[in-house]
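Note sheet for the following structure.
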Amino acid sequence: MIDTVLLYFFAAAALAGAALMLVLRHPMRVALALIATMLSLAGVYAMLGAHAIAVFQVLIYVGAVMVFMVYVIMLLDVREPTVSHRYSWLLLPGVAGFLLLLGILGRAVWQGLRASATGAPYGVQAFSVDFLNDYWLHFEVVSVLLVAAVVAAIAVIEVGRRGSRG
Amino acid sequence: MSDASLLNLVLFLPVIGMALLLRVPTSREDMIRGLTFWVMVVQFALCVWLYTRFDAADPGLQFATRLPWIADWGVYYLIGLDGYNVLLVLLTAFLGPLVVASAFTAVTRDVKLFYSMVLLIQFTMVGTFLAQDLFLFYLFWEAMLIPMFLIIGIWGGERRIYATLKFVLYTAFGSILMLAALIYLVVSLQASSGITSFAFADLYRAGAELPLDVQVILLAAFGLSFAIKVPMVPLHTWLPDAHVEAPTAGSVILAGVLLKMGTYGFMKLGFPLFPQATQLLAPVIATLAVISIVYGACLALVQTDIKKIIAYSSISHLGYVMLGLTTFNLLGIQGAVMQMVSHGLVAGGLFLMVGMVYERCHTRDLAAYGGLARILPVYSVFFVILTLASIGLPTTSGFTGEFLVLLGAFAAGWPQLGQGDALPLTLAVVAVSGVVLGALYMLWLAQRLLFGATRAPHQPFADLNGRERAILAAIVVAVFALGLFPNEPMHKTELAARHYQRLVTAAPAKAPMAALSHSHEGGNPDEGTFPR
Amino acid sequence: MGSLQFFGWVGVALFAIGLLGVVVRRNVLVMLMCMELMLNGVSLTLVVFAQQAAAAAATVLVFLAFVVAAAEIAIAIPIVLLLVRHKRSLDLDSYADLNG
Amino acid sequence: MNATLIFTAMLPEHILLAGIVLLVLLEVTAGKPRAALAMGVLTTAAACAAALVLSLQGFGAAPFPGHLSVDPSALLAKALVLALAIPVLLISREDFSDRQFHILVLSALYGICLMVSADSFLTLFLGIELLSLPVYVLVLLAFRRPESAEAALKYLVLGGTASATLLMGASLLFGWGGTLETAAFARALGSSDGLALAGAALVVTAFFLKAAIVPFHAWAPDAYEGASVPVTAFMATIVKAGVLLAAARLFAEAPLLRPMADLVFILPLASIVWGNLAAMRQQSFRRMIAYSSIAHAGYLFYAFLGEGALRFQAVAFYLLAYGVMNVLAFASLPPDGDDRARDRLDNLKGLFHRRPYAAVMIAIAMLSLAGLPPFPGFIAKFLIFKNVIAAGFTLYAVLGLVGSYLGIYFYLRVVQFLFMSPEEATANRGTPGRFALGAGALCLAAGVVMSVVPGWVLGWL
Amino acid sequence: MNAAPTNLLTAIVLLPLAGFLLNGLLGNRLGKGFVTMVGCGLPIAAFALAVKCFLDLGPGGNLLLIDIAYTWFSAGKESFEIAFYFDRLSAVMALIVTGVGSLIHVYSTGYMKDDRSYARYFAYLNLFLFFMLMLVLGRSLLVLFVGWEGVGLASYLLIGFWFEDPEKAAAGKKAFITNRIGDAGFLLGMFLIYTTVGTLDMDRINAAFMATPAPMVSASLVGILLFFGACGKSAQIPLHVWLPDAMAGPTPVSALIHAATMVTAGVYLVARMSGIYLHAPEASAVIAAVGLATAFFAATIAVVQTDIKKVLAYSTISQLGFMFLALGVGAYGAAVFHLYTHAFFKACLFLGAGSVIHAMSGEQDIRKMGGLAKKIPVTFWTFAIATAAIAGIPPLAGFFSKDEIVWFALASGRGGSALLFAVAAVTALLTSFYMFRLLWLTFFGASRMTKEAEHHVHESPPSMTGVLVVLAGLSTVGGFLSIPHFLERELPLPAVKEGFEHYEHFVVAASIAIALAGLAGAAWFFGSGAARAERVRLAFPTLHRVLLGKYYVDEAYQAWIGKPLLWISERVFLRFGDQRLFDGTLHALAALGRGTAAVLGRIQTGSLHLYAFLVLSGIATALWWSLRHV
């Protein structure tokens, strides 16, 4: 009972955080809202029994990505016109498109999902076993991808150091 | 060397010539000119040889080569001579050297590129005529645009860019629809008979079996592309611009051969592929043809640019060809063929002459000229002769064509008057009036150019030199030969004409036409099984 | 446990909101975060479906999505830094030199 | 699981991986970049050769059942892409001497190899990302102009959106079919279930985004213009090829029914028209190529209207013709210190009088892209529309052809600049490097082969 | 009919052609002597051959000669042969053409002596003979048509011989165009015949129309179409306008082409096709009416003309009208008879006029002449004889032929009538009147010349006067050879309406009286310095103006045909059709494309927001489209 309540609470919180991301002015606040969303999503995962995902959510997203993000935001505290007017002129059409998308996609998903949840919870241990047994190809590839990403990031930074050749 | 391989040689000589040109340094312009010229001469010689070997009694494809090219589409490299193309190939090869020679002094910029393009277009034109496989035909048909685009666009007059883009875009539009149509045709052939083939012979059968409405659409698609090339009113407006802006060589190629592609396309593909549709639309096409005759003539009447006059006269003259093709009787068809060749010679020659005087005076404005007969006697003699040929005076090739076409049209129209359909006869009668209009504008041109008080910019200048005389003499001889002794060449095309006639009138659609044409065919319906 | 439909819907909503954010928010950093949000939405949907079908694949995909998201950010941030250095602005609308 | 099987099955990938690792090691240890180009080219060539040999042996295996399997056509696709990559690498010599470029290119190629033999969305997703992430950076790597960064960002954002969309589609398909195998997509095409259709639509949309189909095309012109010549060539040919070949594998032989068929007809048609029209008034060569590539993406997706069994051949042949000619054009583009100047179309004015051969090459490329006979572009287009009509979509084909007609003008405009316009005083006098010439020669040779003996080439595919 | 094959006819035709080629290609190099030799020698040779063929005919010899040169075109059972045909009619024509032609060639050697284009002149003249012989010897309408158009060409070239003068060149063009209009009708007639009869050989056609069942076509329709062609060639209303202008050419040309031979081609055509017209009463009626009308109106115009050659030109038109009248009433023989006599005296008149002009060093206005009789006696006498001949003073040639025509106009069983007779008589009177007026004003009375002109007056060289004498002689005795009787077999004269037989002597008397009346009138009006004529002119100014203005036919054509044609071509076809409608549409489409391109370019603002929005809406739309039926 209580966890159901929690579950819905987390979900609501996630939605709220997401909504806030759209309205808050300052990037830092937006970042905090995103972090909130992510944490609550982690909660949802945990409640749904996908503990592994919950863990990764917290570690990778909040622990790595968002920290990085916040750091950058603090790094560039440029006085921003974007803080004063945060929206592009496409606000209304964007919202219209958003509603349409949400309507159609939500409807599809709503109808696609059977009413009640089934299936056993899928724990960290099970995940790691499967992952290293059946999915080591992807594991390897991910490593290649990370290497490429690192090289890429370095390349960009070097470019930045070098400056424009043109 | 077998004749078949000779035919391939004829086709590929220009390409070989281009390869050789690449080896010649750009600075050696005379060498480039000479090389190109001799390549063309050799090609012509080979064509003459093949022409003499061409057996008028053999209805089939002669000197044919058939090699698998895109095997799983059923596309073959299939070329050969038949009655449809033998004269046109000869004409193309004949004009080749003349075009090259005419440009010796006229073209001084980018000589190498120019002659490569001339060779290239020669290749594509001969290819278009020789191709017996629809895919191959379309390939050559389209490829022709590129060299022409460059020839007009690089060596043309002031508004050359506009003209050349107009030409290419106009023509390309037609070809696009033709492409769709030909794919559909091939696909439907595959669907109906299971064989995948682009060979004309197979497609003739496929086309005839299509339901009428489909045939009409496909004929419209093919016809549009051909009618633009011909050109038939109202799809003609590219022609005057292209002609006026093009360099002399370009105009000659354009008038001499390119326009024939359209009529040839109608005769070889458009009409025989879709007989019922042709029967249905024949009145429309014939009407358009006659409109072209009169319209072109009237417009030629009010032009002040020499080239434009001749350009519009081309529209008028090719109207006769289309009229002849839609008569569906032997006279008309043969006349149409003759008119094609004749117009190629006459219009080509006239454009050459305009070029010659343009080289001397650098203007094409008729108002600037007068009385050239006094300072350029030889030139004037040639000009008058070609003028008369263009008018269709007896003993010239122009007469042969026009006479046969008009006679054919009349012969086709008269019986239908009996059935209460006055249109064909009316068309024939109106077409005859084109004879008068033709005389009107051509003599007007001749008078203002040659007669009256002598007046021309940059005079005095020299009369025609030996090269120019030789070029024109060649054309004039051909003109009179076809005017006085048309029988021999016409025999070579006769079986093709019958074949065309049989294909188109085989359909039960219009009784009178069919009946008449058979009565004129001499009642041997199934001779000539073409082309294998 | 509650109905999965709702959570699936939430996932979709997050995805849509993220996309909307990309459309409307002018601050480039905010926009990047909105992209993250999209991915989060997707992961949620995936997890929900995974719960329904109880298969490892989806979970693995979620994991991969995380990694990729991290990698993307790792590349995106330096690019943004580069831009800011040249533009002195975080305003997306000022990055419109390429157009036509 | 059999290691040798994996080794042989993924030999091209392994070769690429080896190359990447080697380059990374060198990057870490050695100081001066030397022979980076050689290594890159060699690796690619070796991988290409491996793929080709395997495919000719008719090798087929599923080292990771349900995730990755190879068959001759997949190997052929890899070979094709890798082969196209070689001339692109050769062009890059003038602009890139560093190793990073080659590392990124190789990993992108690795990604493509994964994409074209992926059986599950996991592999596919990883492949796409592995392809995309490096390219985002490649766009600004040369950084000859500040806009490069902007271009990269735009590409990245929309690319990220694309992968998110792909994931969403995958998850919906997973929700529908309970599996992440790509076969689910082919099944979903035929189904009438909402979830399935939504998932399929999202996946298709993601591919449209990657392939720059209207209205998801907007990133392409900016990215192409912002990038450097070799990278633009890379994006226009390799990336597009990878995406399309992956799509071909994804669609497999599934029959295309409505409403999906409409999706695969309307949007490509839109991009044919849009691309061809928008290209008409461009002043930047790369931007023009971008629009042309948008149009070509349209033709390529038309191929999916054709009968399933014929799709791969059509797509592959078209990509070959299109890629070869694109690279030919870029290779013949006269180099210039100033990237902007090099990119200006006006710089091509009167090129024929400066360097006739380059001009002729570019002209050939343009005319082929325009689809005029006798160049390979025509045969490729012919094949596609032939299949479409054969499949019964005659009207669609006609519309597509008319759309392609709109394109002729701007290609001819380039030819006009090359041959008919007076030279510009500011025109660059740079001489193309040997490697670029080599690349051009390769492409020209390929083009000649494809137009002289198309039947033979088609026989391979 | 037993036809004998021969090759002479081809030779006859080809001789002048050879002359043309030799003179045209080599003339300028080889000099006058050569030109004269070739230019005159070959026609004379042709004449000789013609005589030879003529002798082969006749009671002793064959009935006709046929010479099949070669097959021009054949397809299936269609076949057109180039063949020549020589019966008595062709014989008469051939002899006239070659004979008179040769004479005029000789005359020309003197007349054109000083012209710088001597060779070109003779080349053209020979070319004309070549085509003319094709015309009269051709067996099929096709060959005839070749000659028909060819002589048109020759006359075009010769009228415009002095092409520096735009007037002359324009006159040549006018002649050609007008002929072309007639030829269009001719062509249609030919087509109709071929379509219905299946051959173009004229003997076969005649036979076909004689035979029963007749061809499935109205003979009158065919007849009128052919006659329209004849109108063009023989300058009958409404196509007569070109002939007066054609006087721009050298005078011998006017004599040969525009008097003796070419213009009579129409008459020959109708006579040759008599097989059709015998069954085409309507057509015959039309011919008679047109011919008579032409004769009358031309005569009226001739009365007031002051240019010596113009007078002769209109008299030619008028005389041709007489011939057509004869044809119209079925008196083909009479027509040919008049053609034959007319060839002599009209050639003589023209050449005489040429001699006068020669003497007057180019002056052609008879008001500036007078009193030439003593200065150039030979010219005067020959001219006088010819005048008398055309006026119909017995026993000169003109009398017999014209009398025949007038008689049949009254009495022919094929549409002769009192009305025709009356008008013909009046016309004859006018003829005699204006001819003698011409004679008077030119040769009698006081000289109205300027002094130095008078000083230059001199008799022409013997090469010219000799020819004049010969022709005058022919005009005198020519009438005694009764052509109608000679042609009886080919062209039987029509039966006389019963009850009219005994009017014959009355008609003879009438025509003599008319001729003398004309003479008297001319003498009375112009004998005393033309004062009386002047008074008459002032009495009827309008009439005089109309006559001087030739009834303003040219102006009418210009206003009602020429101008509208140009207007339509310029305004409707060129400005509206080509420029606005067709090109306009194209340019509009092009502009549309460019406009769209601009719009698309403007959409690509570079704003990532917009791009993302496009993606968003794209995704949404795609989803909506694919899910709308679920």
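Lettered A, B, C, D and E in written order, each chain numbered from 1.
Heads up, the rule we're going with is that contacts are C-beta pairs under 8 Å (C-beta built on N, C-alpha and C of every residue); 3 or more make two chains touch, one makes a residue touch a chain.
Every value quoted in this text rests on a predicted model; they were computed, and no experiment measured them.
Any chain that touches chain A and also touches chain D is listed here: C, E.
Placing every chain at the mean of its C-alpha atoms, the farthest one from chain E is found to be A. Of the two chain pairs considered here, A-C and B-D, the higher C-beta contact count falls to A-C. With centres defined as mean CA coordinates, chain D is found 26 Å away from chain C.
Separating the CA-averaged centres of chain A and chain E is a span of 102 Å.
Chain geometry summary: the mean Cα position of chain A and that of chain B are 70 Å apart. Inter-chain centre distance (chain B to chain C, centres taken as mean C-alpha positions): 65 Å.
Multi-chain contact residues, meaning those touching two or more other chains, occur in chain C at positions 8, 12, 15, 18-20, 22-24, 26, 31-32, 45, 48-50, 52-53, 60, 64, 68, 71, 75, 79-80, 82, 86, 92-93, 95-100. Shared contact sites, meaning residues of chain A that touch two or more other chains, fall at 88, 90, 94, 97-98, 101, 104-105, 107-109, 112-113, 135, 138, 142, 145, 149, 152-153, 156, 159, 164. Chain B has no residue in contact with two or more other chains. Screening every pair of chains for touch gives A-C, A-D, A-E, B-D, B-E, C-D, C-E, D-E.
The touching residues of chain D, when paired with chain A in their complex, are 17, 20, 24, 27, 63-64, 67-68, 100, 103-104, 107, 110, 114, 122-123, 126-127, 129-130, 133-134, 136-137, 140-146, 148, 168, 172, 175-176, 193-195, 197-198, 338-340.
Put simply, chain E touches chain C in their complex at residues 601, 604-609, 612-613, 615-616, 619. Taken in their complex, chain C has these residues touching chain A: 1-21, 23-27, 29-30, 32-34, 36-37, 40, 43-45, 47-54, 56, 59-60, 62-64, 66-71, 73-75, 77-82, 84-86, 88-93. Against chain E, the residues of chain D that register as touching in their complex are 153-154, 157-158, 161, 165, 192-194, 197-198, 200-202, 204-205, 208-209, 215-216, 218-219, 221-222, 259-260, 262-263, 267, 274, 277-281, 406, 409. Contact residues on chain E toward chain D in their complex (touch as defined above): 593-594, 596-598, 600-601, 604, 606, 608, 610-612, 614-615, 617-619, 622-623, 625-630.
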